[in-house]
Amino acid sequence: MEGLGIVNYWIVVALMMTGLYVVMTANNFVKKIIGLNIFQSSVFILYISIAKVSGGTAPILTSEAEIYSNPLPHVLILTAIVVGVATTALGLALIVRIRSAFGTVDDHEVQDVARD
Amino acid sequence: MSATTVQFYCLIAPLMAVVLIATLGRVVPKLYETINASVAIVTFLLVLSVYNSMGEAPVARLVLFEPFAGVAIALQAEPLGMLFALMASFLWIVTSIYSYGYMRGHGETNLARFNIFFAIAISSAMGVALAANGFTLFLFYEALTLSTFPLVTHAGTEKAKRAGRIYLFLLLGTSVGFLLFALIWTWKLTGTLDFQAGGVFDSDIGTTTLNALLILYVFGIGKAALMPFHRWLPTAMVAPTPVSALLHAVAVVKAGVFAILKVCVYIFGIDLLGELEIHRYLAYVAAFTIFATAIIALRKDNLKARLAYSTIGQLSYIVLGALVANAAGVVGGGMHMLMHGFGKITLFFGAGAILVAAHKTEISQMRGIGRRMPITMSAFFIGCVAIIGAPPTGGMWSKWNLLLGTVHSSDWLLVAALIVGSLLSAAYLLPIAVRAFYLPDDGGSTKIKEAPVTILIAMMISAGGCVVLFFAPDFAFDLMQMLVH
Amino acid sequence: MLSFHLSALQVVIPLLAAPLCAIFRGPRISWLIALAVGLACAVNSLAILNQVNTSGEIIYALGGWAAPWGIEYRIDSANAFILLIISFIYLVGIFYARDSIKAEVPEHSRCWLYTAWILCFSGLSGITVSGDVFNVFVFLEVSSLSTYILISFGKDRRCLTAALRYLIMGTIAATFYLIGIGFLYALTGTLNMADLAERLPGLASQNTVAVAFGFVVLGLAIKMALFPLHAWLPNAYAYAPNAVTAFLAGTATKAAVYVFMRLAFAIFPDDFFSDLTSTHVIVLAAGIISAILTSAIAIFQDDLKRLFAWSSIGQIGYIAVGLGLASSAGVAASFLHLFNHALMKTAIFMAIGGLFITTGSTTIAALENAGRRMPWTMAAILIGGFSLIGVPFTTGFISKWYLVSAALEQNHWWLAGLILIGSLVTAAYVWKIVEIAYFRKNPDTQIVRQEAPLSLLIPTWVLVTANIYFGIDAQFTGSTATLAATAITGITP
Amino acid sequence: MKHHLILQVVAKALIPFILLFALYVQFHGDYGPGGGFQAGVIFGAAFILYGIVFGKDVAMKVVPPSLVYTTASLGVLLYTGVGVAGMLLGGEFLNYSVLSKDAVAGQHLGILLIEFGVGITVASVMIALFLSYANYRVTEPGEGE
């Protein structure tokens, strides 16, 4: 179990770096948004990993269980996910409008068009 | 109406001109100078009433605002400030009269703007004169810079704009970079910025700090035009002559040296100043400025430029007087502020009169002009004598006291600088008058007539002032004695 | 009864009003609703400040759940002051928006703009009042998302890319912040600011705290556009609708600065920010470099909005300098400059909006003869510019005074010198504008007096008047800022 | 997709159950896993499925976009309204205990209403997102817009 916990965090780090890398290097705006999503997801996993209590069960009051996982991070992350969805939706909406305003969703091309 | 509140009216009165010009001026544009002159008279009378009440009891401090705890915008008349205020407000009357002839005669435009900013500048100068603490002094000092900027760039030409830029950057730069810094530092060290007789610094503040502060103050007051921060003054000469006359010979530059005197007397105190080694070196800088500007002035053919460099040099006399750190020096400095004011304004009036009547700006063109314009050039000559410091003009007394101050400091280099400086000023000023009276004119000036009558009246008053001050310098001397005791 | 709810009302009123706007969907009615929110919240924020100053900290447990379990709103002098700034800038901004927005945004989308605007305001208020670090995150995102929307209403199509870029940067920033508080939660088991402040000192030596601090600081530094993380700001300000730019310039970065202060000085252990991690050196360096460098960049801008956007980054730099000094006096200077900068920059952007309405352009070239064509509009820009420089009789001077004295208090004379040099660089770009507006004469064109509409001039001049008033009488702002600094650093100066 | 008869029939059969399930998740939220977010998404998914299978024009007859915007706002209004009701009845903002005479009953009522508000908003926003993307006609630059 100890090892699993650490693996979790490695995944978080890997996802985080992947996401950031995509955001920074991708020229396509849609890809940037995807990168952003990966980046955010890594944080969701981080929180959920924090919430895990070894041997704990779902935090619903029953007579059998004595240890529960911490429900609070789940709640927090639920909120964060909603925020993430909103961000993605808004980002994509902006991209759609960028497409019709500039005729492209490529960062460099948009800059070229904007300069003309 | 107590003298305390009258101090405030001294500031407000010039602003009345702004209101009047903005409202009446639209209807009757010709009234500008009349308004200015009458407001100037009112201002002078107000200053005079403060001056009269000074003998009976010290004028109380008038706190206008307290922007933040411990630092207030406050006014308090004291001898040095009184002298400055009296001079500035009196010469404003003269300049208003002069301005009438000059601005019309020279066909200047935008008269409303010109007169409005002129009045604001005078109000700021009054604020500088009556400031009760360093903070207030700084505020009005900056206001003076900003309000004179539109006057410098009045012509709106590329040259004027460039001059404006230099003007603003040197004056704002030094004041924000050094003076404000020094003030805040002083405030942090002592917890007060009030001008106090004998200075504000405790004995436990290190000499290094005080030396640094003195340097910051002296160079931070860029209006005193101490080298190397003198460039703004010659370039500001693109302004119309009344501006050069009143502001750049009297109000603005005198605000600079006035501030240096104030700092030396009330922030440091003469005694403490004398203990600081640095005052001697700064005095050398002033001496160098006297010498260098005199040499430059000798080589200038443009009359206003020559007068401008002369002004820089004469300002350094006053700075020198403050920095020799003894009573005679301060007395001389204060008196020279007054004497030079009268002398230099006469010279600038003369330069403007020649420009209006003869359309000449270069000294080499002024041969024989004295015969065509005898009154102008006679007044000009008196102005020259006053600047040189020879009898029968008031300039003699101030030079005398300055010399006394340097002798007391027993630094013979400074004594020499003063004497050589005076000789040099004779060398660059007298030839103008000689050329005008004794050399034959070059024939092209047959149409030249005497300048407009208002200009002549103004010149006669200011030149007369120079002579009167020779016979009656007592009031200035007494004020300065009050200051140093 | 009302006084009990003050802190919640600040968030609830706009939250209640935003859906109303979206339901009625009329451009006029939504403006009225937004204005009503502004009036109510401005009064409310004054009442809060009064209550805090008379009877101390306000603690409000949301839903009746006390702190460790529930979310609490906690207001002391610090957030009360920030709340006051945000509310009043919002009120004036909305008042100004009606005619300005009319000229820029098509009628059918105006109601959505006001909805987003109200939401943005509620988000900013929420950030300020909340006493719970996660709740701060939520409100941060509420305000950010609505800000992206607001920016995308701009007239120039480049507003879209500006908004998207800001969205990407903003989301990364918020996520960094989220990671940071995740670590804090893992370590302490609480998200409540007061509890965190209690528990963290015992754990200060752990690396996790430092890592958490790093993430949080980084996230907030992006949000407050601290150099060199400012890249999103110039375009966002330049292409947003003028009224929005005016509002954002006065408020958006300010809330982030406040959270930064709260975290650095109140939540993390004493001298964690300064001595233990030496982060303050970085903030100080970033601040002073930005103050000088970005002002220098501003000199070379051709578009007024972009020019003043760069200037905003520079001014944030001054605020960061105050933070980096990590002293009570420094923080007080930062608070004061927050307020003063909001006054001057909002007024400037409003005046630029007025220029846009009359000339249809915000380029510097459009300023030609503006000194005569529109003396009042131009005077507003001029006074704002003077204030940025720190000319006496304007609030900028007071800010500079506080900042320089705070620097000298720690014997950082070089810093004081640099701050004043920054003023001179500022003078350069302000002067560039002044010369074009007042001294560049074009003899061919007939000068027609063409002032911006009164509905734009009035709010602009309200702020300009306030700017001058608080520049002469800084008793209120100075003492409030000092109180705020005391509340947040816990040290009486 | 007008010709995919099988899809249409299956969808017709599925959609009522999806809606029902959404309602279950919605109102069972205070006893077991569930709540407004999840229910809203499921509810919205039913309409999105309908829209995909029968075309956006038909879907828009059922739920016109303007209605969706209104309901989304109404949901938020319900949420804040309940919160304010708590304030008016003497509790803090969002304090449900004061909604009824019995604190526990009040809390039940409060959470139910709040989650209902969340559900309405989430469902409406989901549908709105779908509709606006489905309706969006990509224009080339210069073509208007």
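The letters A, B, C and D name the chains in turn, as written, and every chain counts its residues from 1.
Simple rule for what comes next: a contact is a pair of C-beta atoms (placed from the backbone, for glycine too) under 8 Å apart; a residue touches a chain by one contact, two chains touch by 3 or more.
All figures in this text were calculated on a predicted structure; none of them were measured in a lab.
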Most widely separated chain from subunit B, with each centre as the mean of CA atoms: D
Cα-centroid distance, subunit C relative to subunit D, in whole angstrom: 35
Averaged-CA centre spacing for the pair subunit C and subunit A, given as whole angstrom: 28
Centre distance in Å when subunit A and subunit B are each reduced to the mean of their C-alpha atoms: 70
Centre distance in Å when subunit B and subunit C are each reduced to the mean of their C-alpha atoms: 44
Per-residue overlap in subunit A, given as positions that touch at least 2 other chains: 101-102
Interchain contacts, given as pairs of chains that touch: A-C, A-D, B-C, C-D
Contact footprint of subunit C on subunit D as seen in their complex: 66, 69-70, 72-77, 80-81, 83-84, 86-87, 90-98
Subunit B to subunit C touching residues, read off their complex: 65-69, 73, 138-139, 142-143, 146, 153, 156, 161, 164-165, 168-169, 172-173, 176-177, 180-181, 184-185, 187-188
Subunit A-touching residues of subunit C, taken from the complex the two chains share: 134, 137-138, 141, 145, 148-149, 152, 157-158, 160-161, 163-164, 167-168, 171-172, 174-175, 178-179, 182, 185-186, 191
Contact footprint of subunit B on subunit C as seen in their complex: 386, 389-393, 398, 400-402, 404-405, 408-409, 413, 416-417, 420-421, 423-424, 427, 431, 435, 439, 441, 471-475, 478-479
Subunit A partner contacts - residues on subunit D that touch it in the complex: 32-33, 37, 129, 132-133, 136, 138-141, 143, 145
